[in-house]
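Scroll down for the structure; my scribbles are underneath it.
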Amino acid sequence: MGHQVLAIRNRRKVILDIYMPIIYSIGLFIAILFIGSLLLYITVTGAHRLSWELLTNFPSSNPKQAGMLPAIYGTIWTVGISTLISLPIGIATAIYLNEYSGMEKLRSFLQINLNSLAGVPSVIFGVVGLGFLSYTLGLGRSILVGSIVLAFLTLPLVTVSSLEALKAVPDDLRLGGYALGATRWEIIKSIVLPRALPMMLTGSILATSRAIGEAAPILIISGLVFIREIPTSPLDRFTVMPLQLYNWISRPQVEFRELASAGIILLLLLLILLNAATIYLRYRLSKRR
Amino acid sequence: MGYGVLEQEFKVEEKVRGIRDEVHIKVKNLSVYYRKRLAISDINIEFLKNKITAIIGPSGCGKSTLLRSINRMNDLIPDATVIGKVYLDGIDIYDKSVDPVAVRAVIGMVFQRPNPFPMSIYDNVAFGVRINRLAKDREELDKKVEDALRKAALWDEVKDRLDTHAYELSGGQQQRLCIARALAINPKVLLLDEPTVSLDPVSTAKIEELLYKLKSELTIIIVTHNMLQAARVSDFTAVMMPNEKLVGTLIEYGPTKEVFTNPKDKRTEAYISGRVG
Amino acid sequence: MRSTLTNDPKTLKKRRLISSIVQNITFLAASASTIAVIIILATLINESISFFEKVNIFEYLTGTEWTILFEEKKFGILPLLNATLLSSFVALALAVPIGLAIAIYLGEYAGPKIKNVLKPIIELLAGIPTVVYGYFALYFVTPQFLRLFLPDIQINNVLAAGLMIGFLIIPIVASISEDAIRSVPLDLRLAAYAVGARKSEVVTKIVIPAALSGIFASIILAFGRAMGETMIVAIAAGFRPILSFDVRESMETMTGFIAQVATGDAPHGTIEYNSLFAVGLTLLLMTYPLNLIALRVLKKWAIKY
């Protein structure tokens, strides 16, 4: 048996081994190029229009004076109330599914419905919110309805991350508690929840950043209204930041376009801040172990 | 092809091996590190052509590591470093000019747990033939598949259902399928890493029997931690043990009969009689 | 745990009671999503019934004109449906090859350090608010980019919208496919290497075929997400309900129509108002089964390994 058998045969295939990873990485390259050009475009067209007035002024037909104050308030109100609704429900759901529920069938039924909710397009939440909450229940096209809609939109996210947080708590700890004669709730309250809370917090921050960026359901609920005042009650009409941007984007004047860019920079900065908080939280979590 | 005198202690002495027995694979000063930890150290051994050599020893002493070094499967483990030389018919397979992929087409391997591809029986056996371009048409491919399945003692059981999915076979059949898959590309050496450890006694016996028949065409190296299997099946036996630093070393090597009835090393004796490992 | 743990039967009873009350409360919370699903279905169906009392369902399903906002109202859903599917197909045509390539590179070739940097960047694509994509499509992608190749392209067009949706859904394809690729057992790869396969062959002939059901599920989920996208099409694709296969034209999708009616002024009870729910129901009926299929495929594949 000669040396030539072991020498590099199939030169073509060896070349494949070198080039294939390069070809596959083209996908990454395109994606990164796209993100880069998007961010660059936004910055170039909007950075010079950034100002405090953007945050503190009301919208106006004069682009030089327009700001997004009501939208900021609207975002804070809706996302705030929505978190107040989705966080307890999501955590409680996760507690039930992981700590209490015994019957396999019931648990998978509930799980299926959670998954179904996750699969509904966000705009449908808006449509149903309008029909059921705004009209049937008579709550009007208000902040309250917007909040409820956002809450259920983000509920699957909060529930799933709370579930993960609970599952991450080792069973040994629970067994130790049972062995001491504690009831299930006592174990959850004193052992499981404290450990799971940081991870749950991370999940809720993610849900919050998702809710901040959602325009479609709010568009359906509130319509494209010209809000001139700061909302004072949950039953007021409202707008949110991404919708205000949609408004400016739809205007033909170039100045509004630049304003939109500036607003987008603000929105993205807010989201980056939130995500940085998540990463920091995760880092602190892993250090604790 | 003479090799001269080896520096190390273990060589198969001429008077023990027959005049016709050639050395097929020679392992020289082989050490393998996983990350920075030494797994096996300074292995020197010669495997003879057309013989079955068993490598035995307690769990974790590096038998599989040694086996994987022979067909350069350790290359695929990112943190493994191989030092030393492995000669196949006088050629160092770790030389820079040698393509590891080509080595594996000449030295085949069968693993501990049967791992057929999620394909039909036919496609499993044909896989290696296809990628190595060893058949020029469907007819030749069919013939190679049949030959391989016959040698693996599986043909009669599957000949009318070559298209069924490999996962429908029993554990013992799957392992013979894996043997057929390895044989289909006509390797010169077959490495088996504890091939019957997950099989029932009947399948085990079938595989031991077919290995015995394959000997005439192939050199076989089998890692096993079943000493009875080694005694039944092999012509030569190598014994590996972890030393004080828990690094695997070769402590004994010779014709199977001698290793089992008259071991030279005290540790071998202890292992064989069940006192150790 | 302090003095609540006593063997006193009275406090024990109280403690147990509290625990089962909590159980009931959390059960109620868990049923919230079930109740939400019921409300969603009930509302959509209820209002759609009002719609179909006034509109012939056969005309709805097969008509090729949608002129609901004009004087002479026609109610064929096909133009909207077609635009939805067209934009989604464009999106998939972009997202599937790129997402798969990313999945293969990250799953098979990239080292852990590179992965830790690249994965969050890819996830970024899903985190960018969709209004931003719409804006980028309308003011940059169409005029400064697509116009170079297709000078006749309209300012609102399905192609730009589809491409943006494509980038939006890349993380869905990439991350689920990468999971599928990574869970192909090491055993199978070793067996392929042992008969003399090279890495590129192991990837294309063993790993990808074994991961195929996971990859398929990711594509289905991405498809569903693409069909449900609203803001990008509202900004970039326009509000012309026409039936056409020319992606350079402006077309209104189902979600675009919903956005259009909501920004307009459709009083409660009018047929425009009811159409919101009919179109919404149609959209849900198209996306929901996709989700079911994808989840079942994922479950089956998880069991296999």
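So that you can tell them apart, the chains are marked A, B and C in the order they are listed, and the count of residues begins at 1 in each.
Please note the rule applied: contacts are C-beta pairs under 8 Å (C-beta built on N, C-alpha and C of every residue); 3 or more make two chains touch, one makes a residue touch a chain.
Everything numeric here is computed off the predicted structure, so don't read it as measured data.
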{"item": "Greatest separation from chain A - chain, by CA centre", "value": "B"}
{"item": "Innermost chain, taking as reference the mean of every protein Cα atom displayed", "value": "C"}
{"item": "Between chain A and chain C, centroid-to-centroid distance (C-alpha), Å", "value": "15"}
{"item": "Distance between the centres, which are taken as Cα means, of chain C and chain B, whole angstrom", "value": "51"}
{"item": "Between chain A and chain B, centroid-to-centroid distance (C-alpha), Å", "value": "54"}
{"item": "Per-residue overlap in chain A, given as positions that touch at least 2 other chains", "value": "13-14"}
{"item": "Junction residues of chain B - those touching two or more other chains", "value": "101-102"}
{"item": "Chain C, residues touching no fewer than two other chains", "value": "198, 201"}
{"item": "Chain C residues within the chain B interface of the complex", "value": "185, 187-188, 190-198, 201, 205-206, 209-210"}
{"item": "In the complex, chain C residues that touch chain A", "value": "1, 4-5, 7, 15-16, 18-19, 22-23, 25-34, 36-37, 39-40, 43-44, 47, 97-102, 104-106, 109, 118, 121-122, 124-125, 127-132, 134-136, 138-140, 167, 170, 198-201, 203, 224-225, 227-231, 234-235, 255, 258-259, 262-263, 265, 268, 276-277, 280, 283-284, 287-288, 290-291, 295"}
{"item": "Chain C partner contacts - residues on chain A that touch it in the complex", "value": "13-14, 16-17, 20-21, 23-28, 30-32, 34-35, 37-38, 41-42, 45, 88-89, 92-93, 95-97, 99-101, 109-110, 113-128, 130-132, 135-136, 152, 155-156, 159, 177, 180-186, 188, 190, 209, 212-216, 219-220, 223-224, 242, 245-246, 249-250, 257, 260-261, 264, 267-268, 271, 275"}
{"item": "Chain C partner contacts - residues on chain B that touch it in the complex", "value": "71, 73, 76, 101-102, 104-105, 108-109, 111, 113, 115-118, 127-128, 131-132, 178, 181-182, 184-185"}
